[in-house]
Every structure is written in C-alpha cells, then in structure tokens.
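Okay, got some structures for you below.
Paired with chain B in one complex and with chain C in the other, chain A is shared by the two complexes that follow.
Now for the complex of A and B:
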C-alpha cells in the first residue's frame, strides 16, 4: 500500500475527532481571543473593539496580583506536599508487611472520590458549629473554642490545601510505587553490598528510577493546581474576603457574575498564557531529567 | 537481603496504620454522618458513633416525591448518568479510529499531540464562547449540550489511551489478515477490536469517571432539574440552607459510590493507565 494512501486514510479516520475538537476547543479559543479585544457583555451587546484596554486594566488591577499570589501559594504548597507525602507513602507501600495489598487498594479511594464530594466532605469536617475537626480538637484539649476554619482568612487557604492534598497525594503515591517496583532488586542489593546507607541508596539508586514518572506527576499536578476551581468554589467560593480566590474563580466572576465577557476573556487568556509558560518550562525540565536518568 | 530489625518492622507497621487511618477516617466519617440522627450530629460534645443507625436519608434521597430533596437528587442522578453515558460513547466512537490512525501512521501524530496539548487550557479560556454558542443553539440547560462540551475533556484523553493500546497490538497480525484478503473494516472487526477490547473498556471507564467528576461546565451551563448534574446538585446542597448535614453526607456517599466501585474493581487497569503516561514521559 502506498504511503500517500496510508496518510490520507489516517487523516480520514482522524477527521471526526478533529472536526469535533475544532468545534468545541479550537473555535472557542479563537473567539475568546477576539472577545478579549472587545467590551462585549455576556448577554446582549456584541461589543466594540477596544484594543488592549482589557489586558492593561486586568493586569494592573490589584485583584489580579492578589489572586495570582493566592493561586501560586495554593499550587506550590499543595503540590509540594503531595509530592513529599506521595513518595513517602510509596516507599512505605514498597516494604513488605501484612495487609500491604489492602492498603494499596485503599489508596485508590481518595482519587476516585469526586472532587465536589471531597470538597463537601471537608466543608462538613471544618464546619464552625458542628464540624468533626472542632469536636476532635476540643475533646483532645488542643483548642478551647470552636473555630471557623474556612471563615477566617488566616486559616481558610491552609484548610483548602489540606483537603486538596488528602485527595491527590495517593495518586502521586501510586505513580511512585509503580516506578519503585520497576527498580531491579539486584541493583539495590549490590548498592547494599557496596555499603551504601539508606539515604545514599535512595538518592543514587532509587531516585533515578523515580525521577521521570515523578516529573510527569509534578507537571500534571501543577497545571491542575494552577487551574483550580471546583474544590475552592464548593468550600469557600473564594472567600472569606477573597483570601482563597483562585485565578479561575476570578475569571468566572468577571465573565459570568459581572457578565463582562470581554475583560473576562482577556483575563482567561492571561491565565492560559501563564499555564502554558509553566507547562513548557516543565516539559524542558522533564526532557532533561529523562535524559540524565537514562 | 537486609535482615530487618524488629524496631524497623514495628516502625513500618506504625506508619502503615497511620496511613490507613489518614485515608479511611474522612471517608468513614462521611458514612457515619449519613446514618447518624441529626441530633447526634449537632450534639456537643459531638457523638462520634450514632446511638441508632438511621438509614432514612437514603430512602428520602432515592424517593421521587414531588418537590422533595429526593426529586432534585434523582433527577440530577439521571442527568449525570445520561451525560456521562452519551459523552463516553461519543468519545470512544471518536477515539477508536483516530487512535488507530495515529498508532499505525505516526506521521499524523502531531495532530494528536496538538489535541492533547489542549489539556493545558483552563476551561475558563473556552467557557465564554461555549456559553454563547450553546445559548445560540438552544442547548443551554440541556444534557446533549453538556455531553457535547464534555468531549473537550474526554475525547483527547480516550484517544491517547486508545493510541497506546493499539501500539501494543502488533501490526503484523493485521497485515496477515489483510494479505488473506480482509478489508480494513473486516480486519478491525475480526482482529483489532477484539484484541483492543480491554483498552476500550479501560478508556470508557476513565471517561465515565472524568464526566462524573466534572463540575465547572455543569455549573455554568445547567440551571434546573432538566440538566443539573450530581456535582452541581451536591454543591447546591453544601452551599445552601440545608440544616441536616447528614443529608448532605448521604448525597455525597451516593454520588461517590459508582466511581469508588469502578476504582476498586478496575484498580490494576486504572493504575497502569495512569502510570503509562509517567513511564512514556
């Protein structure tokens, strides 16, 4: 069969997918770019061309800088904690002990729990009047009075990060565990014979095997954390006093609550650009790690 | 191997118990809340274990009496099933030929890479035109419209999984069938699709999980019982004026059951699907 026919056939087979993707992703993205240069409202007026007004307005607003900081904190801390906890859990699950298979099975549960259910569950746990956290901490005499964990700017973001970590570190653990199981036993045995201590064995023998899969997990989790909407929306709606507002929530408010489609679109594209830069930087890093690990 | 000291063994068991507790405690509490009488949940000090298990909220949510919490819940359950089912079916129908094409003809692979790169896009970057488009087509607050939008998430993912699946089926088997005179469709029917069936099943389950979990688009594009999905219904309950926290917990348990069961049953396949991305880097 000729190569041209193979290629033509491949394109024909891909056509349905590509048509749908252009319709639901390609066109909306292009239209978002167009809207971002207009003062269009969500409903009604089509809007006039306003140049870069939306961009300058959004980038210089204190809302944007503050939200960017909040989102960055959320992403950096939750992803870092998920990585550390995930690797520690994987190292544990790679040991031999009774009940290990059951414990490995349990790790799938938080991952499978729908994000909204997870957020609702933690919202109930943090409840200021009847929540389990307040009850447990008072009964253990750690705190004297019930506190509004999600209602105070000082604790709301930390409370969200805990809830996000609980759901996501098991996934990192499962990915790291799969990588650990690929480490050949003779290599760890040889390092042991050569007198390498636990730290050196981890650093020089095991880590190279973990680096690739962990980098991918890091990239995916960071992008997800930067785009975060669901868990924050359900738990705090960005409050109190906007202290937990993420970039996605800011865009939602601008475009849908205030119905300013134009400036909402420009904000959405700024976020997209940030995520893309992050992803490209990471992808370069992944290639480097993969190269050095091989 | 290293001989493990008993101190080390004890340390391992302590850590294992701690990890199990961290994973299970919140889940167990969700279930306990769902069967505790409202008075127990409001008691101070909190009653951690119900005096009598009370399953009435489950029957309450599953009942279909008009204007009850149950009516809102069952309709959102039905909407979630419909949207997840339709979107998954469509995603698989798109993914099988496209995944096969990329697997057998790598020169078109760049187009799939572009499709997958859209994963980086935050949904907010598409949401305004999608809202206007659905509104123009009269598909706002409509399960078909929502299922169509879910293809933005489901289709790239399933195509990528199918491509990896087809990669592991030797093309020599297909070539042999073709030499024997089978056409492309016949080869697929007799050789390729039966061999790829497990991958199709895994991709479909992943797609169902993704659709079941989706919240942002559902929040934007649905407004009442005709199309609201479970995630939106639960967020409504959690953010609303429901005074019985046990009822919110019950809705959470019911919404979590299908994906958790899928997760437990499909564990091996799901983990290998999740980690294949990591291994291939």
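Now for the complex of A and C:
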C-alpha cells in the first residue's frame, strides 16, 4: 500500500472529527475574536467595530489587575497545597494496611462530588451562625466567638482555597498513587539496605518516578484553578467587597450581567491567552523532564 | 335494540371525539420562577396545577432558580434563541428588558377592570416608558419584623417609629444582655443589600438619580449608607449581616437571635409557623421606620411581575397563564406568603384572617414603596453600589468615597 493512500485515508477518516471540531470550537473562537473588536450587546445591537478599545479598557482597569492578583493567589496556593496533600495521601495509601481499599475508595468521594454541591456543603460548614467549623473551633477554645469566615476579606479567599483543596487533592493523589505502583520494589529495598533515610528515599528513589505524572496533574490543576468560577460563585459571588472575584467571574459579569458581549469577549480572550501561556510553559517543562528521564 | 346500540356507539364516538383534541392538541409552555421569598415553590406548583385542570390543552413546565440567577438565566435563554414563554421579573428589569426586547409589550391586553382593580403602586413594577410589559404578581416590600418577647423583656412598649429609635431600642436590648447583636439585615454582596439600602434612602429622602446622573452620593443616599455603617460599627447590627441573604436573616430571626430584622412579606407566616420557628406567636411586624422630619415610614419597591418573552411561540396561551396566576381568586387563595395586587383583597376577611398585623403594616408600607432607579444599566449600577456598601462596612473606604467611586463606575 502506498504512503500517499495511507495519508489520504487517514485524513478521510479524521475528516468527520475535524469538521465537528471546526464547527464547535473553531467557529465560536473566531466569532469571539470578532466580537472582541466590537461594542456588541448580548441581546439587541450587533455592535460596531471599535478596534482595540475593549482590550485597552480592560487591561488598564483596576478591576482587571485586582482580579488577576486574586486569581493568581487562588491558583498558586490551592494548586501547591493540592500537590503536597495529594502526594502525602498517595504515599500513605501506598502502604499496606487493613482497610486500605476502603480508604482509597473513600478518598475519591470529594472529587466525585459536583463542585456546586461541594461549595454548598462548605458554605454550611463556614456558616457564621451555626456552622460546624465555628462550633468545632469554639469548643476546642481556639477562637472565643463565632466568626464570619466568608464575610471578611482576610479569611474569605483562604476559606475558598481550603474548600477547593478538599475537592481537588484526590485527583493529584490518584495520579500519584498510580505512579507509585510503577516504582520497582527492588530499588526501594536496595535504598533501604544502603541506609537511605525516608526523606532521601523519597527524594532520590521515588520522586523521579513521580515527576512526569505529577507534572501532568500540575498542568491540569493550574489551568482549572486559573479558570475557577463555580465554587466562588456559589460561596461568595466574589464578595466581600469583591475580594474573592476571579477572572472568570469578571468575564461573566461583563458579558452576561452587564450584557456587554464585546468587552466580555475581549476579557475572555485575555484569560484564554494567559492560560495558553501557562499550558505551553508547562508542556515545555514536561518535555524537558521526559528528556532528562530517558 | 339495534337503534339504541347505534346511539350508544355514536355517543361513544362523540365523547371520544371530545377527548381526542385534549390529548393531542397540547401546547407546552415553559415558565421560569424563583425559589426564594414570596410564593413558595409548592404554592406555584399547585396554582399551576389548578390552571392545568381548567385548561387541559395547555401544559406548563416549571423551572425554579434562586433570585440571584433569575436575570441572567432569562437573558441567556433569550440570547440562545430558545427558552421560556413566561418569566418572572423583578421591578428593576423592565427598562432593560424593554430596551433589549426580551419581553413583549402587553399594553393592549391590560383590561380596564385590571387597571381599576389593581393597586396603582403595583403597576410601576411592569411599566417602562408608558407601556406595560407584564402583570404585577408579587407585591412586596421590606418590613421591620420584631420579636415581641424580647422587646417586652427589655421593657420596650412599642416598636420603633424612626431609624434612630431602632438604634436606641437595640442598645437597650444589648445593655440588658438579652442579645449580643439585636439587628439582622441582608447585606451580602447581592441585590438584597441594595433593597435594604433603598429602604433607608427612602427614609432619608434621597435620590438615586437626578436627570439620569447618579445622585446617591449626596444627601439622603449618603445618610442611608452612613446609618448602615454606624449601626454595623456600633455592634448593634449582627456583623454576619454582611454575608446574609434574606433566608439567612429569616433563620436568625426564627431562632430568636435577632430582636429586629428587615425582610419581605413571606417571613411573617413562616416565622409564625411553630414547625420551623422558635419564635412562632411572638412575631411583630410594622412598616420600616422613618426619619424624624423627613418621613413617617420607609419602603422599597420589591415587587415582581410575570411577562411573556419575545421568543415565545405561544404568546396567547402564555398570557392566559399569566392572567390565571395573577387573578384575584388565585392570589386570595395563596395570600399567606405574598399579598395580592388587588385593592379589594385587603378588606376581604378570607385574606386578612390571621394576619391582621401584616395587613395593617402592608397598607402603610405598600403606599410608601420607593423605586430603585429605572435604567437599562441597572445591573452595573447595582454591582457598583453593592461594592460601595461592602467596602464601607468593612472600613476599606469612607461612605463618601465609596459612593463617589460607585457613581463613577455606575455606567451612567
């Protein structure tokens, strides 16, 4: 069979998929780019061409810089905590003990919950009048009085990060646990015989096996965390005083609440660009790690 | 014999013929409501069932969303071209909905009987630019609820007539150790905070807009926010108010943890229900207070209407459904969580029985209802004001500066 026929056939077989991809991803993307250069409203006027007005307005607004900072804090801290917690949980669940299978199953639960359910759950836990967290902390004499966790700018973002971590660390743990299964027993045993301590065994024997898969988890989680919307929307709607407003919430308000489809589109594209930069940076890193491991 | 069989058969065919169109010529309407305050979901469902019984050829699918999602859901459904035939809308949206052609103009369908029978204040809920964009359905304002038992223990004879007096009474209750923080509000970063603020703006005789430009940063608008901040900082207001929505206020009040609370009509009968409430039988209600020399009482127009969407393919059936839902008979039957729009209902014993106190407060409150600004850019204005309120409460900005910034960011 000739090479060209193979190529042609491959393209033919992929054609339906390509058509669908162009229709559901390509066209909306192109249309969003077009919208971002207009002053279109969501309902009603189609809008006029306004050049880069939307972009300059968005990038120079104090709302944007503030929201970018909030989102970055949220992403960096929650992803870092999820990675550490995830790896620790995986190491623990990799040990042999009774009830391990049950515990492994239970760990998936938070991740399997829909985010909205998770958010509602945590809102109840943080409730300032009858929440479980307040009850627990006062009974342990850690705080004297019930507090408004989601009502104070100092604690609201931290409270959201905890809720997000609780939901998402199992994903990291799951990936890490799978990678741990691949670590050959004889190597860890040899390290033990050579007198390596627990930290050194982890650092020099186990971590190299984990690096690749963890990088994937890191990429996935960072992109997700950067786009965060639902958990914040349900728990604080961006409050108090906009201290927990994420980029996605800003896009939503601009495009849907205020119905400015044009500037909403420009903001959405800015966010997409930021996430793409992150993704490319990670992809390069992953390639490098893979290269050095080989 | 044969003849009678023939007649029976004929009769059967005739009856069958009558039944067939009912089974097949069905119109399905999609209606969007809210699951929050006013009529409960159960009430709306049984009203709709009654409508379906009377109109077997029309089927109504109901969808309920929280108030916070009502506006965006309506607009998004419109933007995507499909969606709802009948939508519930808040008094603040007709300007935007009319400008963007979300709702159809139903002026021609409003009969003289309707115009005569419905309370004049209710019509402002559905009007924009002299046209009608639906029927008012929920006639609502925020009242001052108080816990009779706590006031009695504090030796307070009558509930406050002015906002200043409210502070004084709360102080007495606090000093006597009856409650740590006697007043509960819904000051979360949401429309709920704007409703409380508007009530105070009306008390202080302020204006949201003057000739289309923001004016809330001056005079009564500024005094209103200052009152909120003072009440918060003095410790008389429950500090958690800044993350409360109406339902949180209700729970705090029903638990006996608030002596005073500002909330909608629906709280009256809910807080008086011993099944859920610890304060049943001790619930007092009066119109929100006024300001000496400026106002007797204060009130926000928190009414809502039902409208037909421009994308509906069954506009006549949709209007029929709205007529049924807003009819005096339906409203009188379900007058426990939301009061009727019809003037004569307020003298009907079937409506007033068991809630005389609420009706008395409603007569004063509904007459004083103050509107939030009518502008197609309402959402942006409201978002800017919500931020101003929260920043002032948290001490991040002075009320003066916060309102000035809000005026700049209001888009007007």
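Heads up, the rule we're going with is that the second predicted complex is superposed on the first by the 277 of 294 C-alpha atoms of A that agree within 3 Å, B and C clash if a C-alpha of one lies under 4 Å from a C-alpha of the other, contacts with A are read in each partner's own complex, and residues count from 1 in each chain.
The criterion applied here is as follows: contacts are C-beta pairs under 8 Å (C-beta built on N, C-alpha and C of every residue); 3 or more make two chains touch, one makes a residue touch a chain.
Computed from a prediction, not measured in an experiment: that's the story for all the values here.
Undergrad: After lining both complexes up on chain A, report clash or fit for chain B versus chain C.
TA: With chain A as the common anchor, chain B and chain C collide in the superposed model.
Undergrad: Classify the contacts of A:258 with the two partner chains as first (chain B alone), second (chain C alone), both, or neither.
TA: A:258 contacts chain C only, not chain B.
Undergrad: With both complexes superposed on chain A, which partner does A:42 reach: first (chain B), second (chain C), both or neither?
TA: both
Undergrad: So, A:153: does it touch chain B (first), chain C (second), both, or neither?
TA: second
Undergrad: Which partner does A:51 reach: the first (chain B), the second (chain C), both, or neither?
TA: neither
Undergrad: Using the superposition on chain A described above, determine whether A:128 touches chain B (first), chain C (second), both, or neither.
TA: In the superposed model, A:128 contacts chain C only, not chain B.
Undergrad: Check whether A:138 is in contact with chain B, with chain C, with both or with neither, and answer first, second, both or neither.
TA: So A:138 only meets chain B here.
Undergrad: Applying the document's definition of touch, where does A:237 land relative to chain B and chain C: first, second, both, or neither?
TA: A:237 contacts both chain B and chain C.
Undergrad: Now for A:195: first (chain B), second (chain C), both, or neither, which partner does it touch?
TA: It touches nothing on chain B or chain C.
Undergrad: Of chain B and chain C, which one touches more of chain A's residues?
TA: B
Undergrad: What residues on chain A does chain C touch that chain B touches too?
TA: 42-43, 129-130, 237, 256.
Undergrad: In their complex, what parts of chain B are in touch with chain A?
TA: 1-2, 9, 12-13, 15-16, 19-20, 22-24, 26-27, 29-30, 33, 41-42, 44-46, 48, 93-95, 97-98, 100-102, 104-105, 107-108, 111-112, 115, 118-133, 135, 148-149, 151-152, 155-156, 159, 184, 209, 212-213, 215-216, 219-220, 230-231, 234-235, 237-239, 245, 248-249, 252, 255-256, 259-260, 262-264, 267, 270-272, 274-275, 277-279, 281
Undergrad: Flag every residue of chain A that touches chain B in the complex, lowest number first.
TA: Within the complex, chain A touches chain B at residues 6-7, 9-11, 13-14, 16-18, 20-21, 24-25, 27-29, 31-32, 35, 42-43, 89, 92, 95, 97, 99-100, 103, 105-117, 119-125, 127, 129-130, 132, 135, 138-139, 166, 170-171, 174-175, 178-179, 182, 189, 192, 212-217, 220, 223, 226-227, 229-230, 233-234, 237, 247-248, 251-252, 255-256, 261, 264-265, 268-269, 271-272, 275-276, 279, 286, 290.
Undergrad: Residue numbers of chain A touching chain C in their complex, please.
TA: The contact residues of chain A facing chain C are 41-44, 128-130, 146, 148, 150-153, 236-242, 253, 256-259.
Undergrad: With touch defined as at the start, can you tell me which chain C residues reach chain A in the complex?
TA: 68, 71-72, 75-76, 78-79, 96, 99-102, 188-190, 239-240, 242-243, 248, 251-252, 255, 257, 377, 379-380, 383, 386-387, 390-391, 394, 396, 411
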